[in-house]
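Note that the chains take the letters A, B, C and D in the order they are written out, and that residue 1 is the start of every chain.
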Amino acid sequence: MTNTEEIGWSRDEMARRLAVDIPDGSYVNLGIGIPELVARFVPEGRTLIYHTENGLLGMGPSPEKGAGDPELINAGKRQVTALAGAAYFHHADSFAMIRGGHIDLCVLGAMQVACNGDLANWSTGEPDAIPAVGGAMDLVAGVKSVYVITQHCTKTGEPKLVERCTYPLTGRGVINRVYTELAVIDVTPAGFEVVELCPGVEFEYVRERTGAPLRRR
Amino acid sequence: MTNTEEIGWSRDEMARRLAVDIPDGSYVNLGIGIPELVARFVPEGRTLIYHTENGLLGMGPSPEKGAGDPELINAGKRQVTALAGAAYFHHADSFAMIRGGHIDLCVLGAMQVACNGDLANWSTGEPDAIPAVGGAMDLVAGVKSVYVITQHCTKTGEPKLVERCTYPLTGRGVINRVYTELAVIDVTPAGFEVVELCPGVEFEYVRERTGAPLRRR
Amino acid sequence: MIDKRVKGPGEAVADIPDGATVMIGGFGEAGSPVELIHALIDRGARDLTVISNNTGSGEVGLAALLKADRLAKVVCSFPRTANSTVFPDLYRRGKIELELVPQGTLAERIRAGGAGIPAFYTPAAVGTPLAEGKESRVFDGKEYLLERWLRADFALIKGQCADTHGNVVYNKTARNFGPIMAMAAKVSIVQVRSVVSPGEIDPEVVVTPGIFVDRVVEVPNPAHESELVAAGASYP
Amino acid sequence: MIDKRVKGPGEAVADIPDGATVMIGGFGEAGSPVELIHALIDRGARDLTVISNNTGSGEVGLAALLKADRLAKVVCSFPRTANSTVFPDLYRRGKIELELVPQGTLAERIRAGGAGIPAFYTPAAVGTPLAEGKESRVFDGKEYLLERWLRADFALIKGQCADTHGNVVYNKTARNFGPIMAMAAKVSIVQVRSVVSPGEIDPEVVVTPGIFVDRVVEVPNPAHESELVAAGASYP
């Protein structure tokens, strides 16, 4: 298998594709990395309210150079801004929003997603790795919808969409939908189901690069 | 037995006697009724901070006539004021203060106190009574020290300090000390123990009016 | 464009159905959303379960809702007041179910509902009649009771000021159950004295973030229950 | 007369003994009480258990406390940063114990400690390696884990402003763990940019009521961890 980054959507296009699926007025938590790109592509006329688990609803973009406050950061520890209508709160309240089902959508990266909705995205399980979990387990357990945005395969060409995760789990049966450079794929009770193919990508091509049965809608 | 209100401390004197035992800087919750009187007798030079479980620390006295706000009330639903240094908070935070052991002292009325520290102060258990418990069970379960201030006997002359409560309990083994018009009485592992007699009241007189063994310190 | 305003109390409660569970804020009259409760009486929904610290005064607000015979059950810490016989009458006639809950346990169960905590342990009520039928467990040598979360279909709350995103601040001790009930209900409805634009409430002082609020209704001069009762008012 | 001020960070932490459990606020550098941590390094207490979301950056603040070999254990959700090798080195050498806790569970366990809730159920981490050894239970058809409260002997917290009664307000996302750690520690120590008189903080906007705070220390110009790290600073 070749590096799948060469065909299919670019990262920005993946983010744009995901962004159009988010209803106006949603409360959204975006993970670090590709998920953060989603905020750039929200269609005109829609307002999303971004939650960052370190204590802010109404997060805005990065500040102008020199205008930031080291005490106004996002979960990735980058400086951000607060928009009109924002609110600050403490960590227990922030995770009450998450665990209590108040956040509409969370977008995360993944190491592996299984066809039963299991997610692995925090640890390779290698003995030498420093374990670090952050808020991912709380997010997947509590947020109403959890989407993954990721390259379809690893850099070495292994499928990330699998029959069963081999890495330690972040959560069990928690993923609703996966956006890759090749396709938009729902996790259904019957397993992975293609919702949409990237223009020019054949179903068969995606199926070959998916480590679990893949159905068409 | 005669009505014990005729000898011993007056209600104000009982409240004054209790007030001198409260250390400077204490966080205090005062129940409705006689307990409220305690606030009037805090010795000069001491500052106590009053907690009312409906969401205020730093409660002050009743407002001047016409200067009150119907939305600034105490747990007895009377209008109060907020002193400099006060803070408002919601009910879960308020009872976190109580349950979490942050309040130093709570002063309550009682129907019965048993020599093992059991308290009954919320229900006579009569079938026709409307049950209503309020915050009493949380207070006795969480506050560091719980004092009772009460007449030594009921209006019909029955002892309120008893071997075992016959009314439904508010809490088990929760009372530290009782202030009556006759004496100050500790609840110890060995039962009731007189700390101080009202001047002119004999130990024997108190013993006769107490429904459980009473020791001198 | 987010704008959670609705036109008035009637519109705010128009979809509360028979059999709904409704949290109603307030401790005594402070924080009692009188106009929303009266709109709920007008709405006519029956067999409601109401979760509220008290059962109202006189024959207005919560007491009027009770009197109109709309409630099947109340979950409550203190259903007694000096000046209302509505609840006692219903209760003695066996017309209403009461779940009596210690006030701090009531608050924590509501907060748990909002925070996604299905159950927790509390020391309150151990050894009392209110522990009957409850699981208990010892942690570090001390006994605690297992309590379940409380959640609701709707919450009716009184705030001081909200923005159109639903961020709310309260007035003094009227805050009480408002913030936690807003968290624990599927649809949270807040009446406020004034509605402002996003940005007009400092993000540092927001008490209830808008994520917990679904509908905001402006009631510029809300009635005070004690004044209505003193005037001998009744509703409807 | 209540006045919770102490003279400086050194006096504030002077009685933290060997073996103490210390909660340290902050998420990344926001809310990290750098001056209190440095005073704790000077103080010299060893075998500490630290409860904190992260393990610090560079060789200042929390990372410096780790580097000085004062910790026996950390309870933490994310002990990894792009610019620090202090914790990874200690961990790989088996010199420190790590209790890894999902961030929301960490926050809720701390809040439970402060609220007198010895244990609660949470859905986070069900079915993952972090559920190993934990009790689980099904409520309403869904599985949850039983989690115990976290309490501490001391908490070190960074606020924005406090009054002499210990009422605290915070700055933006530096609030994070401060309010709940103040609740969960026997002795809560807060460093703030300014200390004011009672009454100068509006009671409506107090975030941490003074009942949760034991000591207030004024640090008018606190260091920013990122600036120290960028400058290559190390402590001591």
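Going forward, a residue touches a chain if its C-beta (ideal position, glycine included) is under 8 Å from a C-beta of that chain, and two chains touch if they have at least 3 such contacts.
Quantities reported herein were computed from a predicted structural model and do not represent experimental measurements.
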Of A-D and B-D, pair with higher C-beta contact tally: A-D
Length of the line joining the C-alpha centres of chain B and chain D, rounded to whole Å: 36
Separation of chain B from chain C, taking each centre as the mean of its C-alpha atoms, in whole Å: 29
Distance from the mean Cα position of chain B to that of chain A, given in whole angstrom: 55
Of all residues in chain B, the ones touching two or more other chains: 56, 82, 88-89, 92, 95, 98-99, 142
Sites on chain D at which at least two other chains make contact: 108, 111, 115-117, 122-123, 170, 172, 204
Each pair of chains that touches, named by its two labels: A-C, A-D, B-C, B-D, C-D
Chain C to chain D touching residues, read off their complex: 108, 112, 115-123, 137, 139-140, 142, 144, 148, 169-170, 172, 204-205
Residues of chain B defined as touching chain C within the complex: 52-56, 69-73, 77, 82, 88-92, 94-95, 98-99, 118, 123, 125, 128, 130-138, 141-142, 168-172
Residue ranges of chain C touching chain A (in the complex, touch as defined): 1-2, 111, 113-117, 163-165, 167, 183, 197-199, 203-204, 206, 209-212
Partner chain D, residues of chain B touching it in the complex: 24-25, 27, 45, 47, 49, 51, 56-58, 82-89, 92-93, 95-103, 142
Residues of chain C that touch chain B when the two form their complex: 27-31, 53, 77-80, 87-88, 91-92, 98, 100-108, 110-111, 122-130, 170-180, 207, 224-227
